[in-house]
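Consider the two complexes below, in which chain A is the common component and chain B and chain C are the respective partners.
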Partner chain A sequence: MNKYTVINPHSEFKVINTHVHNIDGIAKVTGRATYTFDVKLPNMLYGKILRSPHPHAKILKIDYSRAMELPGVMGVVTGKEDTLGIKQGIWRRYQDLCDEQVLPVDKVRYIGEPVAAVAAITEEIAEKALDYIDVEYEVLPAVYEPLDAIKKEAPEIHEGFERNINVTRHIEWGDVEAAFEEADYIREDWFKCGGQAHMCMETRAAVSSYTPDGKLTIYHSNQSPYYMQGLMAGVLGMREGDIRVISTYVGGGFGGKFELDGAIFCSAVLSRKLFRPVKIVFTREEDFIATKRRTPMFYYVRTGVKKDGTFCAREAKVFTNGGAYTGMGATALYLTGFFHSFPYRWKAYRYDGYRVYTNTLPSTSMRGFGAPQAMFCSEQQIEWIAADLGLDPIDMRRKNSHHEGYEVPGQATIASCGIDQCYDEIRKWINSKGKLPANRAIGISACGFMSGGIFNWFDTPYSFSSAVVTINQDGTVELYVGAQEIGQGSNTTLAIICAETLGVKIEDIKVHSGDTDHCPPDLGAWGSRQTLMAGNAVKMAAEDAKKQLLEFAYAQSGYNIVYDLDIKDRWVHAIARPERGYDYGELVKKAIRGKDGQKIVGRGYYTPHRKGMISPAYSYMLQGVEVEVDEETGKIKLVDSMTAHDCGQPINHLGLIGQLEGAFSMAAGYGYLEYMPYEDGKLMNPNLVDYKMIRATEMPPANIAEIDTYEPEGPYGAKEAGEGLTNPTAAAIGNALFHRFGIQMKECPIRPEMILNALKEKKEKEKEKKGKK
Partner chain B sequence: MEKILLQLNVNGQGYELYINPKTLLVEAIRDHIGLTGTKRGCDTVSCGACTVMIDGMSVKSCSVLAAQAEGTRITTIEGLEDNGKLAPIQKAFIDHGAYQCGFCAPGMIMSAQALLNENPDPTEWEIREGIEGNICRCTGYNSIVRAINATAKGKYTEDRS
Partner chain C sequence: MINDFNYLRPGTLKEALAMYEEHDDCKVICGGQSLLIVMRQGMIAPENLLDIKRIKELDYIKFDKKEGLRIGATTTHRSIEKSDVVKKNYPVLVSMENKLASIQVRNWGTIGGNIAHADPAGDPAPVLIALKANIKVGSAKGDRTMPLEDFFVDYFETVLTKGELVLEIQVPPPEPKTGAAYQKFNLLESDMGVVAAAASVTLDGNGKCKDARIVLGNAGATPRRVKRAEELLVGKALKESLFAEAGKIASEDCEPVADIHASEEHRRHLLGVLTKRMLKQAWEQAKA
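Our next item is the complex of A and B:
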């Protein structure tokens, strides 16, 4: 079905990279796992949100008196009456990028934006009450596309942002003009990359409970309880410490759940007004129209290369559809420009990105964080250049690729890089296919990705990751992390690192996460940061605890000072004489007695220092897809796939495979299925009937070759896995179409009508040529 | 609307509900009986998160009224397990990492079990078709297919002493 191989495997580990089951498994396969969606508190009310039907309008008046008359309605809140009107944003270090009132006071900027929220004794009554809230709007002219919104005559969406330009980003190294001069061949193309819905299986959901002592407890489905705590404190004018955010089980995130959403904000404001718990769960339609989405981008790419395929210069200009607010869009704007250069060595590179406000659903981070768009453009253009020059596209890529020790000028140092072997593995897979049937072709695409961001736009005073390890008298271990489990397997990965470091078994570890009252702060699950950053913190905490244990072991061992001790598999022993030792549980008891009865507590933390502009480490990968096309309908079918991947030392074997297969399915969806068409600011397919995604019958076998490298900055040599692989696939599908038909797909998702049009155009051109002859 | 009295048999247990006749089966299971293992992920009968078994066949519980299920045997994810012993399909899901966030897992597992009830030795394609109505945003499905296949091949036995 699938082939999984490891290149250069390391096997000195007891727990790392073994067949460890996900530690949340029992809860998740038996229905015991309690998501925010399942939370029910005593005396709880249900909330619903009234949403704007207009893409751009002033709110003149909100009259909810009729709604209050409905039996069962307990209260209504509006931005003007019940909030401080604070403009917030996750880039809270920069005031001008904090531009969103979750319940706006005087103006709405997209269809679906919250206008008021109501709480009632049942969800049904709350829903009905929405019809009894009367809102008077003054409808304003609206604009939906970035290239329209930057025009002089376009309506102003936010005051003081000239031409609706929200953020700009510039990246440059080398002498770009001179490097283009050196090129024998220059090619330029425009691309249009679509949005994509995060489509978490659990829609946005929150249960807020504000109590008379001025404390607020929030159950919320999110990727970073710490961010939620900080952001909510900001908008409510409360102290962070008076807010507890609990996110035990989260039904998916994918980059869409670490900003304030209507569910958390409105439920909290309602609860503060009514002193009762309030639950808000988005419907699937609300989740589509009123959360955020992957950033749509227009990409201009100009690339200069030498005849022999040496890359000289690249220049990119990007206009992104920011939608109504900033959110994480500012980060995506930088990262798309940075990863557009990946994984190649450009003598000179220049990127200018413009994020433009429009009256559409705000765009933000989504798995891949700007890179899927960047790679869709870059990796196709590279394929076309190779064809134009008559060069082998794999050899050309390989010749220009990053390597260990390479410095991306002024941006990053590459400490580990396994991409060279990825080329070998992809080549082997292609060769193994032999001659393909006439309706099939193979496309490939390369990329690299970050292992956590080094930037601190959130302005946290805390370490980026922290962990606490405590050891009980029976040797069981409590691991407290702020890292957030959202299905990616971080609890298991961190438990593995803890067990390996302490020298105990995986079943000895209990992980505590997703609760700001009990877990140390951590920036949470985004930007592929947890394995490296939280992993380093956990390793440090476990080493700290282990050192305290071993002090007692040394004291009573009587060994010569040159011998050192270790614990492996719960066995305390001298490394030189592993057969002589004793049980770890015995040592723990002695150590606790030696500490006058105190529990063993280890602490660890991690913040990247002097690691360039972006990330401490980079993963590398190549994606190959075998694509079948029906020439009558333009329909694509993925027949087979191959991933060659370098994530440093794999830690969580099952988790890694799952992350790679899952990233591939999301990436393939972005490539040819997941389309978000808007008309006059309205999403035309906000449901799972019309929004198509990969289902079990569309998913091809996912073969994987894991290149085991060692990343010096990562715990046990580990780095990112699972997000980067969202990046290459759209381009790989495009490249397969190019090889099969010679058509160039400059827009994604690549839809059947686009393929049919391209085929038609190609035939007409061929006819014209023949006619001329 | 006048409420009706309803008898439902869920996981072998009888429940008497006095509910609005428009109540969906998923609402009866989650909100009235209180079995929250069954999830809901859409409003259009598209995602399969609410899948349960009715007389051994998979049914999306948002697509039928609770009243329509009267007189049948309803099985939810909570009913697969027997006195702390997991069913083979549940063991297989754990062993293959066939879930990530886990939100689709209860519905997915019920679809898988119903498929195996009907077709104990499915081909890979039959497995894929059997779970086509269930969306999983996390795994890419292949681990789920492997888990179902291994269960069909008898790798995970009933452990019901």
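Our next item is the complex of A and C:
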């Protein structure tokens, strides 16, 4: 059985942290929720994309005349003939990082890259038509690994990027050399971290409808309708306001759905050419080979500590496999370096990151945003250091951890931090286990994560989050947010904040999201930003509306102005005299009459100011796993797990549990299962038979202890949950193997063969040692 | 995307055999759990599909102490898994079925379809061969029965000729003092095996090994017996060192192919480990 403990739950709340079911739940379980996949418009055509079979090639000629002869084919588009050839990217403030045309004009850089798109009256005809498009390529030499691509003689993937280095990032504080001088013990290691597919249940999908009045409506599965609107306006040469993006229900994102994909771009270009709605839904294989993935990384880590375990200095050098385009890779490159220092106080720290172009699937953000890789390396090395020094690994971590008020030099100030209690909780869990069977061991790992990014590489002129609350005459509430529900439960979380703030019930709130025409702009669902940023905007909007109500209430009450009025649970009352009050519905009717019949409208917004370089707030957590290993076969089984977690004030109790369990399973998959092998630029397992993910039977109990802290910048004290927990688990699995066998796993996912090889190597070394003696 | 095809749905076995004889480029579909995957991937695009799912004549599990077990080709994995006579007399079949994919797949997938698909990683074949099963196949022209181990020719290839259907699996009655065990190596419970091993051991009155069978799954183009290891065991008083030796032979007498899931070396190693373990398990059952 899973255990869920909330330590010292706040009790004054009526809605927050209570048992609220997902407000989209009924629509989803009854099949009424309309995903992009379900959208069908009159006169709609179906699109398919022709993809490059070459990892690197010039497009010399595309002849689609034979395809056009096929009955039912309505049109074909190519980069050269039908697009402006604009190089775009989500880092649109930085022109050199806008490097992807989606439908390239003259060169392809990875297998699976779109080359042409066709629209036909059925999906079958569209697919068949792909065989009748003749493309002449000039195949170019290709390179697949970052350490090969930075060599002088490597082929040039993008013009003007010397040694294929796409982005570099540098983070440094303190005197690194001097701090290493102070260390009694220095250890260095190289690690290799794999990629990972986002694997959303809903593959990329879009229905674009361009009408002769010059307006474009796009139904699209994404994490940020506002970004899609902005990016599409850029590539099509249109005004943002002439484009409407609708994403009412989205079947998962995980960091892979806030850049332009082939589905949205090609469907829009086809629709504009043909003046008919065009639908493109990716197959699972397309989702594997032609979207983006978690960034594979080579990590060099050098760490210096004192004999007593005090951390002195760390330096890291990272080479990431960027694949063919930038995507969100530049942010992942920075964040991996930043979170590699977490959650510890380093006297001096230096990070150099190099993102290298290769002729493979582009890499980008994915749940954890560079931190899972960082933690796989950091948290294992720390465990090995503790062992080398004969120190308790929990005590050593605790001694060096962040605390409230700590400043990460030049980067961040930690306003709330519950990691100390997390250590206690994880220790308690380990102790409760007693002596483990011989084939089992426990590994732990610590980390922290951000609550939304401060950076504005998208160059938005809008607030990062906005919300509008309107109250109807019957007391029901319309909450308009640009925050995007992608299955993570943000609509529910924001409804809870709205209901709590206004003093109404959860069923009074109707959330409107996922529509750029009707919802205020918001950067969307990525970087764990919505609970804090959109949450603050919603709280402010609800407070604004409530204030307008209470003004009327006050005017009527006749109370001395020293009294405070409030609404809780639909009960309007003086706080000092809660028993004497009246129904909120009554107040709403009066207030609307008093406003000459206008609805009550509250507005709220949030943009972080003076909160450092990265994020306004940080969550902290410890992950423990109990791992069973078959020494003869190398098979790993997760037997039990424990998460000690500080996300400030939990808002959405059930949502939080779901998010933590989901993050844990994804993290465990990254640790020992999910594996993306390439051969000559071709992904070898683009299907769910060969790409292994945790299933229900592999999922161990996910025990959770939620630490009670209060984050001053978060709404009601809340901060990140659900992304950060993707970070620690791979290292925790590695640490369990270290404790059981003394082997050091420097590559993830940790596969059975690697375990057996490590055991063999260890035996041989021991033999050698004995021989010498 | 699945190609267009003619859909043929016979009502009786006779009709099915006649239709199958008549149509060229025809694939048989029953549960569709293997076929639809390769069709969806575009690996095959048959012109005709013969659906035998509704032929009730082939959906049965019969047991007789003298004759042994007979399973009709369209019997689902789930029926076998849930069958009391199978559970009582051939528990290894139940434990094998238990881990064959998911319940949803077992509810649809059939024993005949699994065998006829001839995927060397299929679970039932190694176990059935270890149990000395026969297979009955038939066409409009007549039936024939053969040992199941002679049925497989190559990857996804069998001895079936045009117009021939799998009709029945026949397992001889369980011998006294016999144990049988099967295990596959995989990372996900119920997933396809990276490799697998089945073993059966029969002891004589003195507790010595009277008979043994070792069958490897996904260790080559077809399920394969490790006869050299079987011979090693027969006539001997069994002990763990012999199982280890048999495992070593198994890891040598196989032709596993490397892919992204495991190297050839790792596969050989795993086959050795599984053979050793399954022999021991089978032996312990036989002793009990």
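Annotations
As a convention for this text, the second predicted complex is superposed on the first by the 773 of 773 C-alpha atoms of A that agree within 3 Å, B and C clash if a C-alpha of one lies under 4 Å from a C-alpha of the other, contacts with A are read in each partner's own complex, and residues count from 1 in each chain.
Convention: contacts are C-beta pairs under 8 Å (C-beta built on N, C-alpha and C of every residue); 3 or more make two chains touch, one makes a residue touch a chain.
Computed from a predicted structure; not experimentally measured.
In the superposition on chain A, A:254 makes contact with chain B only, while chain C stays out of contact range. Of the two partner chains placed by superposition, A:52 touches none, neither chain B nor chain C.
By the touch criterion defined above, A:28 reaches chain B but does not reach chain C.
In the superposition on chain A, contact of A:697 is made with both chain B and chain C.
Note on chain A: of its two partners chain C and chain B, the one contacting more of its residues is B. In the superposition on chain A, contact of A:633 is made with chain C only, not with chain B. Once chain A of one complex is fitted onto chain A of the other, the partner contacts of A:753 are limited to chain C, with no touch recorded for chain B.
Of the two partner chains placed by the overlay, neither chain B nor chain C lies in contact with A:709. By the touch criterion defined above, A:486 lies against chain B but remains apart from chain C after alignment on the C-alpha atoms of chain A. With both structures placed on the common chain, the touch criterion links A:421 to neither chain B nor chain C.
Chain A residues 687, 689, 694-695, 697 lie at the interface with chain B in one structure and with chain C in the other. For chain B in complex with chain A, the residues that touch the partner chain are 30, 35-44, 46-47, 49, 76-78, 80-81, 86, 90, 93-97, 99-106, 109, 124-125, 127-129, 131-132, 134-146, 149.
Residue ranges of chain C in contact with chain A, taken from their complex: 1, 4, 37, 41, 185, 187-192, 259-263, 266, 269-270, 273. Chain A meets chain B in the complex at residues 1-2, 21-22, 24-35, 37-38, 199-203, 249-254, 283-285, 486-489, 654-655, 657-659, 661-666, 687-689, 693-697, 699, 701-702. Taken in their complex, chain A has these residues touching chain C: 123-124, 127, 632-633, 635-636, 672-673, 675, 677, 684-685, 687, 689-690, 692, 694-695, 697-698, 752-753, 756.
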